[in-house]
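There are two complexes below, and they share subunit A, which is joined by subunit B in the first and by subunit C in the second.
After this line comes the complex of A and B, so read on.
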């Protein structure tokens, strides 16, 4: 595992994890997380685990992303700011929520 | 220090675990928390598979007369194959609960959810909110 490709994959893993954590756009975070799963599948192949690579590529980058995207389309895309201004609730919107 | 540099995949697994843990405890959005949970799970998988790896090992497949002494350890791989599937089902259940929470309260922010929990007794029924 001590070759250049594995090092690059590990660095890419950390970068994508940080990007998925600090993005405010939830959809962008989910797509970056899908890339994280894909890098992880390549790393499983480097670690001589081809069955894990197949499973991670199909399940991690496929099914999990579809689940997340479905959940985001059923809820809301942007992470809310602090405070009660950016409320998109609709019916149960009330101004007196902070007291 | 030299031992840490030799085993840098353990260090990367620790960094990934800390990233996911930060996302779980510090980000207010629930979907961000679930992504952090997935990152934590994957870092533990990376740690365990790295424990079974050895220098110059081959994939544990008995084909073409490969001898077992030159293979990597197949036991962590078999365990983690189960772990990946469990992680996906955990994510599916958590996301369905998130959708129900959004229908009820109209927000995904944890602080706001806790405040709404104090302010209004949820008597609206499952179709309340959102409309």
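After this line comes the complex of A and C, so read on.
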């Protein structure tokens, strides 16, 4: 029973990690990453580490999420095609030469 | 070609890491190195020796206080570096925040935040002050407080949050964590004691246990207050934009 719950949580962890990595919408990625932290906090609790669970929930799901959202607010929300994430720098010359 | 090489490298690294995982001791294994040596001592003597009921707090702040002080210093130096890069508010300049639009957040958001905030603040204080008995402590409580202030900023606007926690207060309290830790450590040296012994000179033996608890609490409080303030400072520094006043930098 408890193993089943752990397995579900671990599966969720992998799914949220992959979703956050592959999402082109950075805002969505940040929110999913916040979910990742929440699942991680539950897992810490299941590993009998309540101190770590508290830290993960407050810092991972709370503080860093807001900081990331603020950073996105000041840059741009969508990741561009071709993996170039810089708005102001424009296309990276080195990369465009290689293509 | 580049992609294939990267994939191979990452795959090899993953296999290597998984192999290492399989050689780790099982959780709770009585024969594992961590469980063989110091655990018994911690579990039996921590309350008496460190003055904290929560063994984790006793280990982090007392038995391994030296390491924790180093960690706290590293974390706060890192955050101070972030603040140095992002820049400080300067007198006589005008700042704007990206959310300063005429449209306020919806009444649902504002009511829910207003309802939750007192509880978050109370829970944060509880986590800091009760950290020596139950799970939690200064850093956790400080992070909860910072998250609460972030919620306030999200619901009522960064500008208002910046006025509720004015820069003067933040600048004064930000460094509290390493400073209180260091001062309590040095206090142990007074009268020929040890660094970070959580003791003061000329205190009778009967009062020592209570004093240890209070000094631990002081360190927790310093970490909590400093942590909360420096997180809020990072948010404000990240969000604000200079719009005028003063001379060009």
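We take it that the second predicted complex is superposed on the first by the 80 of 99 C-alpha atoms of A that agree within 3 Å, B and C clash if a C-alpha of one lies under 4 Å from a C-alpha of the other, contacts with A are read in each partner's own complex, and residues count from 1 in each chain.
Note that in this section a contact is a pair of C-beta atoms (placed from the backbone, for glycine too) under 8 Å apart; a residue touches a chain by one contact, two chains touch by 3 or more.
No experiment lies behind these values; they were computed from the predicted model shown.
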item: First, second, both or neither for A:29, with subunit B first and subunit C second; value: first
item: Partner chain(s) touched by A:66 [first = subunit B, second = subunit C, both, neither]; value: second
item: Touching partner for A:79 - first (subunit B), second (subunit C), both, neither; value: first
item: Which partner, subunit B or subunit C, touches more subunit A residues; value: B
item: Touched partner set for A:55, first subunit B, second subunit C, both or neither; value: both
item: Overlap of subunit C and subunit B interfaces on subunit A (superposed complexes); value: 47, 50-51, 55, 59, 63, 67, 70-71, 74
item: Touching residues (chain side subunit A, partner subunit C) in the complex; value: 47, 50-51, 53-55, 58-59, 62-63, 66-67, 70-71, 73-74
item: Subunit B-touching residues of subunit A, taken from the complex the two chains share; value: 1-2, 6-7, 10, 13-14, 17-18, 20-21, 26, 29-30, 33, 36-37, 40, 43-44, 47-52, 55-56, 59-60, 63-64, 67-68, 70-72, 74-76, 79-80, 84, 87-93, 97
item: List of subunit B residues in touch with subunit A within their complex; value: 6, 8-9, 12, 15-16, 19-20, 22-23, 27-29, 31-32, 34-36, 38-39, 42, 45-46, 49-50, 53, 55, 57-61, 71-72, 77, 80-81, 84-85, 88, 91-92, 95, 98-99, 102, 105-109, 112, 115-116, 119-120, 124, 128-131
item: Touch list for subunit C against partner subunit A, complex; value: 27, 56, 98-99, 127, 135-137, 139-140, 143-144, 146-147, 150, 153-154, 231, 234-235, 238-239
